[in-house]
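Order of writing sets the chain letters: A, B, C and D. Residues in each chain are counted from 1.
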Amino acid sequence: MLPELYNYWVVIVLMMIGFYIVIVQGNLIKKLIGLNIFQTSVFIFYISVGKVEGGSAPILAEGVSVYSNPLPHVLILTAIVVGIATMALALALVVRIKNAYGTVEEEELQERDLRC
Amino acid sequence: MLSHLPILQVIVPLLAAPACLLLDRARAAWLFACMASFISVVISGLLVFQVHQFGVLSYSLGGWDAPWGIEYRIDVLSAYVLLIVSGIGALMILAADTAIRTEIPSERQPLFYVLYLLCLAGLLGIVATGDIFNVFVFLEISSLATYALIAQGRDRRALWAAYQYLIVGTIGATFILIGIGFLYSLTGTLNMQDLANRLPALESSATAFTAFAFLMVGVCLKLALFPLHLWLPNAYAYAPSIVTAFLAATATKVAVYLLIRFHFSVFGVGFAASVLPLHSIFLVLGLVGVFVASLVAIQQPNVKRLFAYSSVAQIGYMIIGIGIGTVTGLQATLLHLFNHALMKGALFLALAAIVFRFGSADIRHFAGLGQRMPWTMAIIVIGGLSLIGVPGTVGFISKWYLVLAAFERDWWLLIIAVLLGSLLAVIYIWRLIEVAYFREGEGEPRGEAPLSLLIPTAILALANIYFGIDTRLPVYLSDSAAQMLFGGGP
Amino acid sequence: MLAGIYGLLSASFFVSMDAVDVAFTEAAVGAGVFPLLMLTALTVAGRYEQTVHRRPRAAFFLVLVTGALMIVGTLDMPAFGSLDAPAHTHVAARYIELSPTEIGIPNMVTSVLADYRAFDTLGEVVVVFTAVVGVLIMLTPGEQRQQPSPANAVETMRSHMILRVVSKMLIPLMLLFALYVQFHGEYGPGGGFQAGVIFAAAIILYAMLFGLVKAQAAIKPSILRLLAAFGVLLYGGVGVVSFLTGVNYLDYSRLATDPVVGRHIGIFSIELGVGITVAAAMILIFYAFAGYATGRAEAE
Amino acid sequence: MTALLALQLTLVVPLCGALLIALCGRWPNLREAVTLSTAGLLFYLVIQVFGAVERGGDEAAALYVELWQILPGLHIALHSEPLSILFALVASGLWIVTSVYSIGYMRANQEKRQTQFYVCFAVAIFAAMGVAFSANLLTLFLFYEVLTLSTYPLVAHKGDDKARAGARTYLGILLATSIGLFLPAMMWTYFVAGTLDFRSGGILEGNIGGIGATILLLMFMFGIGKAALIPVHRWLPAAMVAPTPVSALLHAVAVVKAGVFTIAKVVIYIFGLDFLVDVPHEVIAVYIAGFTIVVASILALRQTNIKRMLAYSTVSQLSYIVLAVLVLTPLSEIGAIVHIVAHAVAKITLFFAAGAIYIASKKTEINQLDGIGFRMPITMAAFAIAALSMIGVPPTGGFVSKWYMIAGAFQVDSYFVLVVLTLSTGLNAAYFLPIIFRAYFRKESVAPPKPHGEAPLPMVGAICVTALLTLLVFFLNGPLVAFEMAVLGVPR
């Protein structure tokens, strides 16, 4: 079973690293990088689901009978775009936060809020 | 054209948004947005009627039948929620023009309306679609719009709140995405109906269980179910008042809808019970949520925050309703969806009026408000009574059904707990009333809020009373929806 | 930088999973847009940081639980790459078998993306649109608005003669390539989104070398806004047209007498919509960030 | 006009009246005219309904109208039966008198916001009518709350800190009790009984037993805060800050009467006498009521301010009614019902008198009253009559009701009740007689700055009328009692 599933497990490890960073990191930008890793690994997970042994890219071609599953690819195309859109928004937020607070560290943010 | 209503419901606001950007003048954008949202109300009304007439409406996009194409599927439940969301959305946009005048600089206002419409469209899309991945896409549309909207609050903490919400929300969405991935790898389909047909065979599989778990956690993050509620109070407290009002009245409702949809329609009632004691978990979390949140609410100096916590508590009630696990319980939840939208809508809009006058919703501004803004305060009182559950208001109806459901189960402790919960509500409402009516206001006197803000608020407040007396519509819809959900698939 | 490398890595991974389209996109996004955004953000936010980790243990535990749950979840999953997994046999099978004849284009990803699940893609475009509006509303300075003057932070590269010459030649090529990707999407990997990103990249490069002001003079933000909105409307409009032809939303079959041709037209036009919106959005986002940065640079 | 129509109009008329009053606010005379005519019309309508009930038979039975169905099993419905018609008569009748009186009072006192005053008053009457004619507990609850909310502005009328503090206690206690106890008790009742309709013989029998019934009974007794049992009585003295006509409204016309009326309704039509007899420890409730009577009387004894003293006397008098209701014998029920009327007319007289004294001489303390009897003979005469009624001396209404109470107590030889009644009678005498004594048999210690006679005419007129009523209750008790027998299903 392990050889069959190792691929997923690798992905999961990667995913969890990202997740961990998101939770633990105090620096807002690093949080986002963590989030990005988290999401990307989910994409990989999907693509792995779509992989077919000995299949080739799902573009019609002569002499190819087995194609990989196009559906996950489509979903992930969408998901990637969603991800990058989220990132853009998040970074814009960070920029504004930096401007308003003068820092992008969670601790400092909180204490500065307490002060005012 | 009538046959296209399901999709029109979503694309009218969806396409109105970019058109709104083209206008690029606040007033024009506002009028346009009003038009679009009122059209969508009409559509949702027609949809309710159609569903009532012909039963479930299925609309296959691009002409590809499910499961190959994306299907829009309107049953009683979705029609009901669509009605709530679009109705509230329209009322809020009415008030928006005045409400944001003081809160958002003029050159940003057109963009504000664009985002508002996008958010509305996203929420409607989540409810209307019958395709589980499509849910994810529209969830993100509404979420992104929401983050941006929240960040528009004047207090810089709004930015921080928006960021937190963004992180939590994205994690939630990703969890849902993972859940979908598992489901797909297990069944090879994304259509809810199709899933519902294929899942029972795989009930025992660990993958199905994991998918279920991830979907539930993801939704509960969005739903701000205790203890995952931490993002909500800040977001509601610092967002522009109108945004708060809109979100409080719609976003959480849609999240509850998703919960119910996944739980009952996709996986089926039996599933959860077979793999884990979900209902008892819901009961416990709901109860704890009600009490903790209410207790915290009592100590809040900022009234917006106070009602934000009370929202968390109310969500607790809805979850309890699901946790009871009977038709009546579910009906109580559905009723509370409707009723809570009305009361919180009225309350937060009233707060918007107060913010409009005082610049913040701090409780010290409430001193002497009974004389200064009699109408606004009267509305707050009505909303408060409704929140407590006094007969003659909608709050009573939902409480009534909740207690009824508990009674059918002979869970006296639960009944007592629910009633105690309402007593906590009495306490924090009383705090407001006391300050507003029994304390002299200091500072220069300020007048009543402008009519453009007051009228929508009043409409909502009256709705609180009207639907507390004439309960036929919500009771009928929620009843048939609950019946259908327990009868099986969507 | 690291992020960029990570992006490239995952892209290459996608290739090995023969998801060329995804790989292409990820390459464009993960290695291109994301790091770029990061950098611009960093120029504003500054590099300074203190490394405090909050409640690492609790977090680690949480992560562990989640991971374990997922591992459990995978246990009952069909073996990796197995042919007969339901994922491949149920819905996807039809796409692979029938799409060439139904849609009549070789790239199945495109046909699924732009036809079977076209509505998802509409949603995707709207997401991009939402993001750009969100960025604009957040980075449009309020009342205290300053025009970025020629002397601004993003113009540091002016001095590099070689760079400018090279890129002068490069930029037109990129634009051409973008167009190719745009219209060739039906046959090879690629499509509206990728094209849009590349196009945007070209403009952004231009902006970096010749300064934001020049770039904004060349391509006005106001026009970009219109384009961004127009793309979405075009996409949605196609659906509306299919109403008028008396079929369901986004059903292209009646756009021409022959359904297949109709679908070609439909796909072509929506891909165009995607491309326009994405390109405009990306450029606008960059403008917003850069403009904000310079605005603050002057404020200090 | 059919009685059924009249029944519905009793709700419509006061509301329209309130609306008109609000519209005519700018022209005082017109406004007062509207008030009076509304009051008169309402009284006429109530008489119509009364007639139907009096005639009995099908017509009386048909006096039921369902206005609305909130949920299956939850109706807003009106019904008229002897008990309710009596309350309605008292409220609507006294409204006329009070309006006349308050016109005099408000003008003589140059009160502010008079329009608001009259509007709220009308709304309060509307609520009282609703309470009287409600056919089930839910309807009653709704109007009960309306009554609370509509009287709040009246209590806070003066608008200074003292008034606001009083109003706060008033609203706080009444809302808290009704929402915290009354509402849950109501829900409980529905869930066990499956209905909330008032049925003779009660609806709880066989549906709830043992200690549960006792708890439910106590929840009702304290939940109905308007009945002012100790310890939820504090709102009543607190509300004394209000202008005198309002005190009259609270103590005689609507509010407290609504409280005891509700308790009577609950005991008679929800529990049912026969069932309540079997309820364990039902006697606890009796003790609470008795305790309230005695303690409140003692407190009244220690008051120096006339109105506060009257307030405490009300507290104790209310518990007479509750006590009598809980003795659970037909005779005692009659006593209770008659006492609702007797106390109403007597207490309103006392308040009117107190108000008159205040207006004429600005005196509010008991020890200032030396010799007042010679300056204001009519007022004090009325005061004396009412006081005697409070004590229970013939020929006043108080005697009749007390008589039936004692008789009822004898039927079940409940000596506790007898002791309480005699004791409290003594106490009442102890705090009323001194006033009369001062008024007539002491010389004025200091002559008032400016000599004064009686209060303005409308007030004196009103006082005479109510005093007369106090006597009438005594002389006309026969038909009254016979009529009320129907409440207990005793055929006439």
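By definition in this document, a residue touches a chain if its C-beta (ideal position, glycine included) is under 8 Å from a C-beta of that chain, and two chains touch if they have at least 3 such contacts.
Remember, predicted model here, so these are calculated numbers, not experimental data.
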Using CA atom means as chain centres, which chain is nearest the centre of all the protein shown? B
B-C or A-C, whichever has more C-beta pairs in contact: A-C
Averaged over CA atoms, how far is the centre of subunit B from the centre of subunit C? Could you give it in whole Å? 31
What's the distance between the Cα centroids of subunit C and subunit D, rounded to whole Å? 76
Euclidean distance of C-alpha centroids - subunit A vs subunit C, Å: 15
Just give me the whole-number Å value for how far the CA centre of subunit B lies from that of subunit D. 46
Two or more other chains in contact with one residue: find those residues in subunit B. 133, 137, 140, 144, 147-148, 151, 178, 184-185
Residues of subunit D that touch two or more other chains sit at none
Contacts with two or more other chains occur in subunit A at residues 19, 28, 49, 71-72, 75, 78, 82, 85-86, 89, 93-94, 96
Strictly by the criterion at the top, what is the full list of touching chain pairs? A-B, A-C, B-C, B-D
Which residues of subunit D touch subunit B once you look at their complex with the stated criterion? 68, 70-71, 74, 76, 138, 141-142, 145, 156, 161, 164-165, 167-168, 171-172, 175-176, 179-180, 183-184, 187, 191
Could you list, by residue number, the parts of subunit B that touch subunit D in their complex? 388-392, 397, 400, 403-404, 407, 419, 422-423, 426, 430, 433-434, 437-438, 440, 468-471, 475
Within their complex, subunit A touches subunit B through residues 19, 22, 28, 31, 35, 38-39, 42, 45-46, 49, 71-72, 75, 78-79, 82, 85-86, 89-90, 93-94, 96-97, 100-101, 109, 113
In the complex, go through subunit B and note every residue touching subunit A. 133, 136-137, 140, 144, 147-148, 151, 156-157, 159-160, 162-163, 166-167, 170-171, 174, 177-178, 181, 184-185
Flag every residue of subunit A that touches subunit C in the complex, lowest number first. 1, 4-9, 12-13, 15-16, 19-20, 23-30, 33, 36-37, 40, 43-44, 47-53, 55-61, 66-78, 80-89, 91-96, 98-99, 104-108
